[in-house]
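Per-chain numbering from 1; labels A, B and C assigned in written order.
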Amino acid sequence: MEGFTYVDIFATKGIEYILVIFFLMLFLLFASLTFRSKGGTKAVGRELRSGLSLWFRVPEFLYYHQGHTWVLPEGEKIAKVGVDDFAQRLVGKVDGLELPKRGSEILQGEKALRLKVEGKEIEMLAPLDGEVVDINEEVLRNPSRMLEDPYGDGWLLRVYSPNLRANLRNLITGHLARRWIEMVRDNLLSRMDYRLGLVLQDGGIPVEGMARGLDRERWDELVREFFLTKE
Amino acid sequence: MMEIGERAGRGYLLPSFGRLVVFLLYCAGLVLVFLKELKPKGKVFTPFNVITLPVILTGIFLVLRHLFEGLSAGSNVSQEFPWGVFIGFNVMVGVPFAGGAYVLAFVVYILNSEKYHPIIRPTILNGFLAYVFYASAIFLDLGRKWNMLNPFLGREFGVSSVLFLVAWHFLLYMIAQLIEFSPVVAEWLGLRRLRKVLASMTLGACVFGIALSTLHQAGLGALFMMAKGKIHPLWYTEFIPVLFFISSIFAGLSVVIVEGSISKRVFRDRMNDEYLNSYEEIVLGLGRAAAVSLFVYFFLKVLIFIHGQGWTYLEGGMGLWFLFEVLGLVLLPCIMFYEGVKRRSVNVIRTAAVITMLGIIVNRLNYSMIAYKWYVPLSARYVPTWQEVVITLTIIFVQLWIFRFVVNRMPVYGEVPEWAREEKRESVFAELGFTLAEGGERYAKR
Amino acid sequence: MTRREFLKLSISGMASFTLSGMFGSRLEAGEARAKREFMGVLVDTTRCIGCRSCELACAEAHGLPIPNIDDASVFSSPRNMDPSHWTVVQRYKTEKGEIFVKRQCMHCNQPACVAACLVRAMKKREEGPVTWDENCMGCRYCMVSCPFDVPKFEYDKAFGRIMKCNMCYERLRIGKIPACVEACPSEALLFGRRRDLLHEAKRRIYGSTGRYFPHVYGETDVGGTGYLYLSAVPFERIGFRTDLGTKAYPEYTTGFLYSVPIVLILWPAFLTGIHHLTKEKKRKEVER
């Protein structure tokens, strides 16, 4: 090193760079394994459903009709329509669905959907005006999809709505939506009998088809009351 | 291709000549489709075309001459000043200007900020094109072009060289950017499955790309570490790499701001409401980030000035030039960005961005030409020839043409096809364990 | 040979080729290096008579255009090395009369050009010479890095080369001494082991009081050079840069180069961490 022989001060650089490449590949694997094991899709979904505080999911970015249908604007005049989580839980397993035909007109606040549950038919209101341009065939074929993912795969209609903006103004969204669903829940709680109460105290959730838990005989009447379609 | 081959194979009576014809027809079809895409959309005789086209044509001629006659053809590079405008301007300035791509990739993909999502695509496209064209500038500047691939092929690996790292980082970063941008191409071509695969690689490409950017932005500065004694002591410091990295942040942000305001006029019809509505808020946010990074950079400059006892070099022209750069082109735009954000004035921010870009140009040219061998008298200094300037402009203009070509065709500014939106929501759902979270949140902001 | 075997062979061949590119030069030279010491040249400017015989010998040895060494007018304007003059003799007028200084590559112990080269076209040979190879890309980073501005590029050719003194490496390998040293009629040039040259230089300085300026240029400058200079006057008066410091030039880049692997390991980990934290936060927000 005193300057009479050559010393390569970068002698190990090549090996270091190879090591770094090796590290990066290994890290990719390592990180993906570490981070994946924690919160898989399914696990999170289940967690959401079982949490007491999360009785009813109300994503704040959607627009809700008080008859428990939702709207997701997809463009200036196009929106998706579905049924909210509360409705699913209240009704429980849906055996069949009746949706308006493609090309038919629906009107905000008018009856538009029909659910078939245990031989009973329950109607729901359209959350906006417009022409039905698409319906979710997948859910028609397999209505339980609606229950599994009410805000995603469980969507029902795609609607062309010329006055979407005006329609949205009549709907509830954001924090208000959460406040609203809390009120609905309190309303529901006040009608609950002790059997359901017990379920709740040990940390359970309102089982699917809560309406039946409340009133075996006239549950459909109760549902219509919540869906604002009671005659 | 496969399909044609099979079809031709099934008809075994078809002689090989016939197969050839089928193949040629197929190729011709492809070319036709491509040519149809090449046809300009919109008017041909726009002011932009009229100005740039002659420059580009002259430039192509000059480049060819350059290739066949050696580096001295129409160039002023000399034994004293081995690096001219191609390296000193196109690369040294172009790379920090393309820095917006990694800064925004960090904000959008690493910090998961939705706000800046609408501008990520044009920025990454810009960054990618910038790198491709600056790589071509380097190619032009090489004296022995046929050996260009040597550092990549291992003839030999000069691992002790800063330039070796910069070259490899350039290459890898271009690949990373291509991956980041590729879903857009897949959307354009309607390739669903491919898009899904490519989109799943985005995060990895970003993480890798940001690390690479940090290093080669700094690396460009580190190139000059061994030019100690040749660069004026006001600019030469052991912290050049740090300064280059930090300045690439606000350089990139300023370019994004300026580019956005030009694009907003030129490509208005290609932008959806989502882009246009969020535009002002985005510019304010970018201005804020630029103000802070300029502020930090200014104090770094002051710190390094004190560390290097810079005041002993302040007299004379170079001292004034240094003060002009630091006060006029760093501190001033910093204050302007601050004012612009405070007054919510896009115009002030835009002006500040232009000044900042100027500051970067001056700073990088200082390292490569002006403060480089400042002791050489003006008569022997490097001044680019008109041919070099034309080639430099050609490189920039061709890049802009390709940018326009891509923006006019691919879903760069919003306009994402419905199926891609859907898929994106799904993938976000899968990641968050929640439905429609991302798309919905954006809508909620409207 | 089956196709498979062929593939296997070519892949392993490629791998070893690539690896040897990275380590080869060191592995094969590893043992020899321990014994071999740098050779160098001591230039005593007090003995140089400005005959330019060295220039002629250099041009002949390397096939460069033959200079007319009888023409003394070349000294009147400042002259520097260029692609066809690997060494030039310069004249300086000082208080101690005219001094002639032979210039060429200094053959640094830790050459900046070698560290700069991204294809190892510039090599520091264990015998001391710094040489140039044909695999050069012509990026001219060596020219930017060299503290003495030695490497010159043939700009006017489509197939340009970097041209500079190579201490007659091809002659050293067959046991000859550099052409310029051989040609010097006044013993101003002395070829030998660098260690011995330093002894000799110091012997001359201390042996004759007042004849020499007490510094051997190249002993410690830029980490030591293969060409060592003696002078009667301070070195800055005969065109040497004395502000270059004693640190070897490649060491100015170590700060950056050593941090590269560190950054490549820490940044991705850090970024991935942030990504997952912010994602977590985002999910919480949505859930609420």
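One rule holds in what follows: contacts are C-beta pairs under 8 Å (C-beta built on N, C-alpha and C of every residue); 3 or more make two chains touch, one makes a residue touch a chain.
As the structure is a prediction and not an experimental result, all values here were calculated from the model.
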Subject >> Distance-maximising chain from subunit A - centres being C-alpha averages >> reply: C
Subject >> Middle chain, criterion being Cα centroid separation >> reply: B
Subject >> Chain pair, B-C or A-B, that carries the greater number of C-beta contacts >> reply: B-C
**OP:** Provide the C-alpha centroid distance between subunit A and subunit C, rounded to the nearest whole angstrom.
**Re:** 69
Original post:
What is the distance in Å between the mean C-alpha positions of subunit B and subunit C?
Top reply: 35
**OP:** Using mean C-alpha positions as chain centres, tell me how far subunit A is from subunit B in Å, no decimals.
**Re:** 41
**OP:** Among the residues of subunit A, pick out those that touch two or more other chains and give their numbers.
**Re:** 8-10, 13-14, 17, 24, 39, 44, 48, 59
Original post:
So which bits of subunit C are touching at least two other chains?
Top reply: 22, 115, 250, 257, 264, 268, 272, 283, 286-287
Original post:
Taking each residue of subunit B in turn, which ones touch at least two of the other chains?
Top reply: 157, 159-160, 208, 431-434, 437, 441
**OP:** Name, in rising order, each residue of subunit A that touches subunit C in their complex.
**Re:** 3-11, 13-20, 23-24, 27, 31, 35, 39, 44, 48, 54, 59
Subject >> Contacting residues of subunit C [partner subunit B, same complex] >> reply: 17-18, 21-22, 25, 80, 82, 112, 114-120, 135-141, 143-145, 147, 149, 152-161, 241, 243-245, 249-250, 252-253, 255-257, 260, 263-264, 267-268, 271-272, 274-275, 278-279, 281-283, 286-287
Original post:
Quick one: in the complex, what on subunit B touches subunit C?
Top reply: 68-72, 75, 77-80, 82-83, 106, 109-112, 138, 141-145, 147-148, 150-151, 154-165, 167, 203, 206-208, 210-211, 214-215, 218-219, 222-230, 238, 241, 431-434, 437, 441
**OP:** Using the touch definition up top, name the residues of subunit C that touch subunit A in the complex.
**Re:** 22-23, 26, 33-34, 36-38, 109-110, 115, 124-126, 193-195, 223-224, 248, 250-251, 254, 257, 261, 264-265, 268-269, 272, 276, 283, 286-287
**OP:** Would you tell me which residues of subunit B are touching subunit A in their complex?
**Re:** 157, 159-160, 204, 208, 273, 418, 421, 425-426, 429-437, 439-444, 446
